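Two complexes follow with chain A in common, the first pairing it with chain B and the second with chain C.
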Partner chain A sequence: MTESLAPHFKQPLLKTPFHERARALSQIDSFVPWAGYTTVDVFSTMEQEYFSIRNATTLYDLTPMVKYRVSGPEAMPYLNRLVTRDVAKLRPDRVAYCVWCNDAGHLIDDGTIFRMGESDYRICTAERQIDWLLDSAIGFDVQIVEVTEQIAALAVQGPTSCAVLKTMGLWGVEKLKPFEIGYFMLGAHPLTVSRTGFTGDLGYELWMEPGAALGLWDALMEAGRSRGIRAIGSQALNVARIEAGFLLPNVDFVSAEHTIRTGRDRSPLELGLGWLVDFNKGHFTGRRALLQEKTQGPRRQLVGLDIAGNKPAHNALLYTDDSGKREIGSVTSAIWSPTCKRNIALAIVDAPHFQIGSTVWAEIYLNRELVWERRMSRAQVVERPFFAPERRRATPPAEF
Partner chain B sequence: MTVAASTTQSRYDCVVIGGGHNGLVCAGLLARGGRSVLVLEAGAQVGGAALTREFAPGFRVSAGAHLLHLMPADLSRELQLEAHGLEWAARGMPSTAVVVGGGGLGLGLEEAQQGLSVADAQAYAVYTARMRRFAAALAPMLSRLPPRLGTTAWADRLSMLRIGWEIRKLGRRDMRELLRIIGMNVYDLLEENFDSAALKGALGFDAVLGANLGPRSPGTVLTLLYRLAGQSAAGAAGLSQPKGGMGALCDALAKSASAAGATIRTGAPVATIVVEGDRACGVVLESGESIGAHSVISSADPKVTFLRLLGARYLDTGFVRRVNHIRSHGLAAKLHLALNRAPAFSGVDGSALSGRLLIAPSLQHIEHAYNHSKYGEFSGAPIMEITVPTANDPTLAPAGQHVLSAIVQYAPYALKEGWQSGRQRFMDTALKQLEKFTPGLRGCIVGAELLTPADIEQEFRISGGHWHHGDLAFDQFLMVRPVPGAAQYRTPMDGLFLCGAGCHPGGGVMGVAGRNAAQQVLKSS
Partner chain C sequence: MRTPRDLDAIIVGAGHNGLVAGCYLARSGLKVLVLERQPYIGGAAVSRQLYENFTYSNCSYVCSLLRPEIIRTLELPKYGLQVIPYEGGVTMMQGGGHLANYDNHDALRREIARHSTRDAEAYDRYARDVMRQCKFIKPLLMREPPDPTSFKPRDIQELLYLGRRFHGLGEERMYDTLRFWTMSAADFLDEYFESEIVKAHFAGSSIIGTALGPRSPGTAYVLLHHYMGDIDDTVGAWGFARGGMGSITKALGASFEASGGTIRSAAPVAKILVRNGRASGVALAGGEEIHAPLVISNLDVRRTFLETMDSKDLPDEFLRQVKNFKIRGSSGKLNIALDGMPRFPAIPEGSPSIRGDMHVTDTIEMMEHAYDDWKDGRWSRAPYIDMLIPSQIDPTMVPDGKHYMSVFVQYCPYELADGPWDAAKRRAFGDTVIDTIAQHSPNFKELILHAEIRTPWDIENEVGLTEGNIFQGELTMDQLLFNRPVPGYAQYRAPVRGVYMCGSSTHPGGGVMGAPGANAARAVLRDLGRAN
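After this line comes the complex of A and B, so read on.
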């Protein structure tokens, strides 16, 4: 923590409590900035790290996730007015994935809400939101404090993750259901474990005070030695999250508070998150606009695409046919899915072409030894997620 | 859509919150439109900030606004106010600038010729005529529904076009001049035109009266034109004083509304606006009584209406943020003096007491007075608009005695030292300033009252004690008054309307907001 006392210009990026270990393991020195911290993009190779997510156990440092503590007698009504989901239904020790919108019903951000106690919640989100959260608190008896730096966070994800945690001594962790929170001790340090993650696989997220971070890392590495534990960077996680159909802010949507051009902000209905919008719970910000949009029907929608060939359709424009005359959308995230063995993408597609089963054409540019080639590839609108193994939900998880 | 209530519950088409002049105008017009109307006034009498009350034994005064000059003549006719008891103590009242070292400068065009240099006198005639033309061009805007922003609806486009057209109709020269000056500060405008410090001070005074601005603040030409446009829309009567004070106007408004079938209840403060199924459907009084309504129309200021009576939880965050940011801190205090004789202003003809007297010796003086307020202090040498209502209406005081009513600026709502200790000090400062022009005044004071913005907030239930319910400034008028999303008298909450000074076209005892709102309510159901 002494480092954070150094003037900001001497350390423009903060180091997470796990940084020392990450630095030691990094083979290719591939670090990227994330929310003011330096974090690992790739440790060794993206492929190796990705396959550890799907076949073993991985550690991913998510300390830079912005965390807010929301407490006070009106914390629940406050959150219910903030997000589109019914927070009244969220029981203690449970987590809910939520989105929140501006007045126009356009997405500001998504995140998870943890109910840590009767009137004690934590919001985890990708971007800093204190301005919006405080303005939303006008008229509510609620306290909002940013706790990002007070909490170190580590995602432990993969089919053997439960076994690793048990080996480390977290007895009973196998009883945690998806989106459930459990409280453990690791030596003298309290450890909060939630069965949540961004991989679409079996996995947990571990929350602790920063002082306990390195001890936990070492204990996990020790416990996971025989189960192929590996630290991963953001690139591998990105492949897993696209397979799981999860959205990434500033990639699949831009926060409505940050867009400048009209028509660039997205509603939850457009992003295929209509299931998160509860019109019957009472008022929430954006409700009237969303109700109107629902009546009129969305003008575009984020969908999954299954694209012919094996070349990822990065940034591809989409057309009604292979003549490329009528543009109907564009790809936001694209990968070759190593597990599905499919060429998949997330894309924004105009009405009415976003129906499941519709065919669209993707204009893919290929760089072949510095010579660009253009290819029109047939793509089909398909259900998301692309990959959803049973083990992500199984309780208790199978022993691997 | 009925409100759950254990007791038998009354129900009206329209419930109007607040019995000030806008609430009563709105209620009167709704009742004339065939609606069943209930007005709920928190205070013991109707009037809001336009009421007459006793402030010292035997002395009565218009406790808020003390002059009527903005209410359109056709509105008074439509509501038949004279038939309902409104009488005039004075109309076409003169304005006089009190000059340092004695004397007064009459601001009427003809009187001004005597006190001014030839050049100033000529310039004054030209200036006055031009400002009148501008005011007349802007006047129709006040009684129209402001266009919504960001829509492509034809009604909104047309409304925008009409504003442009009124200005274009002035002709090329005038249009260019209007567009040149409208964003300027009044200091520069007056410096361009005149030499006389007294004239510039007096003309600049009207630009900053009741505003959070000094003469050098940008947008003060707009505030001046706005006031002139209001006067232009009101008709030819000029500054007027109802017999019995401003309260008499509201009494007539109340009688007019009652005669049309509206019910008026005083001492009935509203606690909350009731919402069911995302629609305002009634109110609950502080007494616990609940009253159902098809439409709820609030003349309370936007902050009170949205944040206290309705509640942020029924509104979107962005909207609440905008409401919260409305600048609504008042800077005007009200001074009431009970005098055992008529005040004598040195060198000023006694007949000037039947009009208004301005203490604003120069633009520089006003700017200095304003400077203090920027730092949470009151002016060391405040500026004032003074009336002696008893000069026109002796019934307000015991025989032979007088009332002096003054608007005193600048007295910032958020005074650094707090109004607890500040009140007496500011009273002394104001009296000292008055005595410079009326020597011996202190000796004839038999009673005194100072209403600071904090007192105005308390007595008239206006957040921030701002009599316009929010500054009149470029970013808070027309289609952005009080905030986008509520600038057409409708609010984001179905069934809830605004009709107070916080809406276009703003405060002053005008009644136009009440009338415009009534039209929207009638249209909606």
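After this line comes the complex of A and C, so read on.
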């Protein structure tokens, strides 16, 4: 049961099925709201949690991800109309990363679609949007139900994650290819495992009924004891996802369902997600607008930046040169990459400055013991992801 | 009070807009006199003690629209103004149950989801669209509306500004804007929500103060008008003025006097005097004449031009348009002193929603039926009420442990079908409202220490608003922007030189906003060549 006992007006945030364990492990009481749940931002130190992602195995509670079950005879045609990718190509027991747009070709959200059966799909996404999903379903023989509270979810990520899952008894998990779904039993509880994640590393996401959550957590902790398993919060994950070049809604883009100002909507082409748009699959929402945009070329694009110096370019404005006269974009996500030892960022940059190899200048403000300094740093537009280890794709994965 | 000599301007009426205009003019160095009919200032923004140690905001009762730039420029905080936002709001249902409003997004989503999961998520789209329209309109509030028929550079410039802003909305939202300004609140809400209670909850602000029902075209705009305000950049937030709404006009009065202005209360203006085709001053009811080259009227247009000016001084067509100006009385008000806090069993213990505006109309249908009664010339048998207990938040209004309840009532006609208002009818109207509340609060009646019952007729007689219309004229598209109050006269200048209008009959309309007063002052100063 995920419902907390206090009424929602006294305690608006729900507790996930893993909350009890997270609360016990939290050393600094750093919790943040996420999609209606209270979740851990940092357990102890962000750095140690981050390095566990790249070195060992980490547990991250992703129960708040919004989940919809889409089923019925026309589930596939419905999804194919909804998203820009060709869902007809998605085989059973496979997962596809997708985006969906409004008629103007502006991004509503991104997420993953799981094909759980012949005509049974699950959408896993960041924002609640039953309103949009139901409007899109007009004329389709399809049922759409939110199942967020019925499914507990835990990301098990890191180079030793496969080994830990095997130790826990998930025989054959090593055979799962990236974006593949496998079904297991943990004691009496069914457990769905997908080889997916938000870290750009070897990793899996585990889906189960809420009643099985604590048992699974304990079994993982036990199995991973000798392999440095550690629970992580959202801050550590954020560093990993920027290295992997993944986008975060409301950070790197705002859903067209939420924008107030004109010009704040983003198309998948602008976000560098053109590879997710299949113009040959027939009609889908936003197709005409996206086709037109493709012909004309996007006006701006989300790119990766490699920035001189070692100070993250948080919220930096970008210019054509170091005089800072002509503004051509801004940074949406920035970190010092602990693995790459590079100062990296995701940024929205106007045409034509978004070409790989272009130079732009970032205006970075540094707080030096309460004295603010402004620095113009040279930055180069580079390929994403910034970090993509081979182990993320190897099947079967290595033991570490 | 001594009347100063060599006045530059006389302002008729010490309502909030008259005082705002006075403040701006006095700050520009003009010698200004404000004349008020009542022995107290404030117009419809007053705090009054009608029962021992209880302060009532006995006309307007909540604050949101008062422009922050006015509060800042006129230094109102220095003169005691403090606006405290309240959270909450709730609609109680006929058979028990409720829908509450919460500031916290997740709490609100879960609250709406109790009635409809879909509506809980559609709310975000609704909030987005309302916000988009507010963003478009807000900058227009503090500007003089352009005359689309004029070729004056200023008008062309302002029209271009309006056009650019409109175009800047983007194609899809341009369509929405036109729809929004003309459609009914019921149709508008149908585009977002499926649950009756959710629609009824949000429809309330579409009828407050208007002689229209939720199904009447144009009410979607009224809804928007109530969202346009903000407190500390939280758009749509409403608050209490600490000490009651009178503290707004009290602060304005103090700011005005600090800038050298003079206020004379208990000085009813009988006539605006015109000599050789231009303003020359005013005559008071007692016969005294006070002279000044500028007269700015805070009264509504009907009262200004039909009752306070000689029709011979005014153009015929203008007079005809003023006669046709829609300013219908549709709302009443109860102010109630309570011996303690009433219980509302439908609202769960500890819910902060009780500190906001409370309602008992749970369907649009019921709201429309309430309007049907008004059309038939009687008060609604099941009225829509906007009920607040500000003493839960403001400690200055009542003795400790007691409470003050403000009940705004929609609909109540200015003229009854069965003849004029009298004491018995007023009491019967009050009983209807009290019975309505008592249906949702078992101990309510026994807590009542005193109740002031105000019909539109009472509001007109006391405050001076024609028919008791709280907006000084309906907020419908035909009476907005360059058509407010009447076509060709939207720029605060009357047809007679030296006579100006600064009340809510002018753009951007009613609510304790102050924008008409500020805009009118700017028009006066521009004409004097003192543009600020």
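For this structure, a couple of remarks:
Heads up, the rule we're going with is that the second predicted complex is superposed on the first by the 395 of 400 C-alpha atoms of A that agree within 3 Å, B and C clash if a C-alpha of one lies under 4 Å from a C-alpha of the other, contacts with A are read in each partner's own complex, and residues count from 1 in each chain.
Going forward, contacts are C-beta pairs under 8 Å (C-beta built on N, C-alpha and C of every residue); 3 or more make two chains touch, one makes a residue touch a chain.
Since the structure is predicted, the reported quantities are computational estimates derived from the model, not experimental observations.
By the document's definition of touching, of the two partners only chain B reaches A:140; chain C does not.
When the two complexes are overlaid on their common chain A, residue A:357 makes contact with neither chain B nor chain C.
In the superposition on chain A, A:288 makes contact with chain B only, not with chain C. By the document's definition of touching, of the two partners only chain B reaches A:81; chain C does not.
After overlaying the two complexes on the shared chain, residue contacts for A:130 are found with chain C alone; chain B is out of touch.
In the superposition on chain A, A:36 contacts chain C only, with no contact to chain B. Contact with chain C, but none with chain B, is seen for A:7 once the two complexes are overlaid on the shared chain. The contact surfaces that chain B and chain C form on chain A in the two complexes do not overlap at any residue.
By the touch criterion stated above, chain B contacts chain A in their complex at residues 278, 307, 311-321, 324, 485, 492.
The part of chain C that touches chain A in the complex is made up of residues 100, 102, 104-107, 109-111, 117-118, 120-122, 124-125, 128, 131-132, 135, 168-170, 172-173, 348, 350-353. Chain contact summary for the complex, chain A toward chain C: residues 7-10, 12-13, 33, 36, 104, 128-131, 134, 146, 257-262.
Only residues 77, 81-82, 102-103, 132, 135-136, 138-140, 282-283, 285-288 of chain A touch chain B when the two sit together in their complex.
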